[in-house]
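Each of the two complexes below includes subunit A, the first together with subunit B, the second together with subunit C.
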Partner chain A sequence: MEGTAVLGRLIWRAAEVAELWLETSSVKTLVLEVAGWPGHRAGQHVDVRLTAEDGYQAQRSYSIASAANGSRVELTVERLDDGEVSPYLTEEARPGDVIELRGPIGGFFVWDPAPGGAVLLVGGGSGIVPLMAMARQRAVDGDRVPTRMLYSARAWDDVIYRDELERLGGDGLDVVYTLTREQPPDWTGYGRRVDSDLLDEVAPADLALTFVCGPTPFVEAVAEALVGLGHDPSRIKTERFGPTGG
Partner chain B sequence: MPIISRGFRGRRRDDVPSDRVPPGQYVTPDFPVLSAGPTPHTPLDLWDFTIVGEVDELHRWTWEEFRALPSETFTVDIHCVTKWSKLDTVWEGVSIDTLLDGVETSAEYAVAFCDGGYTTNLPLEDLTDGKAWIAFGYDGMPLEPEHGGPARLLVPHLYFWKSAKWVRGLRLAATDEPGFWESNGYHLYGDPWKEQRYWGD
Partner chain C sequence: MEKLRLDGNAAAGLLQEVFAAEVTTAVGTCDGCGAVEAVGAVHVYSAAGTVLRCPHCEAVLMKVVTDGERIWVDLRGVRMLELRV
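Coming up: the complex of A and B.
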């Protein structure tokens, strides 16, 4: 297994909010300036720690959304109504605020520029975030690994990174959408939950490596269907988030 | 000194006993699922549990033999490295002491191996004296595949990645060999009370 992702002690670092913007009605991207950031691989995540004035602390993990870019780290965070950290990051935080962060974490769910064939990225909802980091890293590196991204969202307005995904398309990356609840009138993409038939149509013929990220039922369904279609379970990497986590 | 995050108050829970929640953890009523790949589905007639490695002889139980062993119902708190803790979870399983009874070994470490290729390493003494089980029931029901069924290792005093899902056996050895997550940035031992999450913690 890849064992080179994290070396030495991961210390808490100050991360200053440089910029932030709304991606959808419930999702925000925060650009953080992290002095001393050691760099990261696409697909890795970080721990975020918030401290209240009386010393109370809360920690959560978030996928990194950006390709490696010096000391800048982007997080894309979905607001969970019953969450503790995500409401702060999506509603309270503003430029100049400082949070704490440590990472990068995880050496398994990471982009592989030489997978030996085509790559399939399957994202459900905000599970697209680490896959977007991979698509961005691929573009930055000028990688030509044939890559297909299958993005399942409830509706077109829930699709994160819409404009950028359009720009990233080409050079061997194509993006396929399925909108599970509501489709625009002239919609030509898929309009149902990801199932075996849909994956069979979308999976590249020479598929060598798949990354799946999303809520647990989504990841279970996708991974199970891919195995059922004959794909090697050891070449399907998954990352899940439960009903809580915010 | 930690940095104060302006405007952060948090959602404190007064109903949670703080001596049961390790540092950096929060309590959840849910049971989130985490795993690195697809969920394996091994038919019970092909399932076995083996103890191999530095042992006098290979020890093997079929599913029927395993289920015929004395089992116990126990209530424990579990702590996942991704920050959630779940209190008072009720399991049914066979104590590792029962499985090691009659196994002769000089080994000090164990690697749990699983369907799907997952492994995790532990000192043998963390598996004995009533500290660990092979669990096949959760909350009065058979353990669901996504939570590690038909059977998973349960070592509640360490971070939950040590409680290997879909476990099929233990490999005993004289030395500590890093398992799957331990080779991918996570702590070799994983004590939640010392917040041993990652390499170097």
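Coming up: the complex of A and C.
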């Protein structure tokens, strides 16, 4: 993947909305066709910039949801009602619309296909998005590194990528859910916030690398619990997103 | 304060504007406590500008302010920054 990380200046590129679909009632995936896209690594993000007719600009970062796939980039965006960019992306954008995008950005929170042991992906809410890119890239590469995904959502209807995660299961990837607020009647998964006991049960014995993404309090609670369980802090990669993410 | 805290990943685009290179994998040494961390792992607070703080001692590592045409960078809190070329 050397060379696709792209050193040098970031440039704004035109990105045309090719397709979009609802993932949940408040989350939409947009497929963008980006001319000149240099490729990306799973876990990287992009900056999206919108310009109003009066010249006012708003810019936000979004994780890339898709595995590398030519000039196509998928973003999965959660609508924040008081946001400046996410309401446009989730409600106004239509196929054929053109937005500005720059990237790929980041290199710290990216999928490492040779971790030397099992990988744990821990996502809270829409923090699952860059982890999904990793699961997808792993599948595309035919990578068999044992990978467990722990996905914390409020309720089953808030779980993004449900059907695809079911299909991606197997080949050494398994998905564990915890639903923190509301569980279906026949629910057999976890039903509480991710804590030390839960992580102790879920973390693979030969854990070599962990990626944690979600809201800041979630990420910090998970990382602290993992360190408390004796996992090496330098092998826990975190990405926080906050209330200004919309 | 915790709710406003992000990490170096959130400053990746801004720092790439400054350094013209991917910086979250660069390794910085805190001038306050000597801790060594990847930039992606440090704490970030954004308001009118962006402030990077050491995740161990919370000392200010770097401040970046931009007005769209110029960028001001205060690197006083970083003793050493090691980037891959």
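We adopt the following convention: the second predicted complex is superposed on the first by the 242 of 246 C-alpha atoms of A that agree within 3 Å, B and C clash if a C-alpha of one lies under 4 Å from a C-alpha of the other, contacts with A are read in each partner's own complex, and residues count from 1 in each chain.
As a working rule, a residue touches a chain if its C-beta (ideal position, glycine included) is under 8 Å from a C-beta of that chain, and two chains touch if they have at least 3 such contacts.
In this text, all values refer to a predicted model and were calculated from it rather than measured experimentally.
A.B. asks: Do subunit B and subunit C fit side by side on subunit A after the overlay, or clash?
C.D. replies: clash
A.B. asks: Looking at A:Asp158, would you say it contacts subunit B, subunit C, both, or neither? Reply first, second, both or neither.
C.D. replies: In the superposed model, A:Asp158 contacts neither subunit B nor subunit C.
A.B. asks: Please determine whether it is subunit B or subunit C that touches the greater number of subunit A residues.
C.D. replies: Counted on subunit A, the partner with more touching residues turns out to be B.
A.B. asks: With the two complexes superposed on chain A, say which partner A:Thr51 touches: subunit B (first), subunit C (second), both, or neither.
C.D. replies: Only subunit B is touched by A:Thr51; subunit C is not.
A.B. asks: Taking the superposition as given, does A:Phe108 touch the first partner, subunit B, the second, subunit C, both, or neither?
C.D. replies: So A:Phe108 meets both subunit B and subunit C here.
A.B. asks: Applying the document's definition of touch, where does A:Glu78 land relative to subunit B and subunit C: first, second, both, or neither?
C.D. replies: neither
A.B. asks: Once chain A of both complexes is superposed, is A:Thr238 in touch with subunit B (first), subunit C (second), both, or neither?
C.D. replies: So A:Thr238 meets both subunit B and subunit C here.
A.B. asks: Name the contact category of A:Leu226: first (subunit B only), second (subunit C only), both, or neither.
C.D. replies: first
A.B. asks: With subunit C in view, single out which of the stretches 3-11, 57-65, 93-101 or 147-155 of subunit B clashes with it after superposition.
C.D. replies: 147-155
A.B. asks: With the touch criterion stated at the top, can you tell me which subunit A residues are shared between the subunit B interface and the subunit C interface?
C.D. replies: Residues 5-10, 47, 61, 105-109, 216, 220, 237-238, 240-244, which sit in both footprints.
A.B. asks: Would you tell me which residues of subunit A are touching subunit C in their complex?
C.D. replies: Answer in residue numbers: 5-10, 45, 47, 61, 102-103, 105-109, 216-217, 220, 237-244.
A.B. asks: Report the residues of subunit B in contact with subunit A in the complex, numbered from low to high.
C.D. replies: Listed in rising order, the residues are 2-12, 24-26, 28, 30-40, 82-84, 116-117, 146, 178, 180-181, 183-185, 197-201.
A.B. asks: Residue numbers of subunit C touching subunit A in their complex, please.
C.D. replies: Those in contact with subunit A are residues 2-10, 12-13, 16-17, 20-22, 24-25, 38-41, 46.
A.B. asks: Once bound in the complex, which stretches of subunit A touch subunit B?
C.D. replies: Subunit A reaches subunit B through residues 1-3, 5-10, 12, 14, 47, 49-53, 55-61, 84, 88, 92-93, 97-100, 105-109, 216, 220, 223-224, 226-227, 233-234, 236-238, 240-245.
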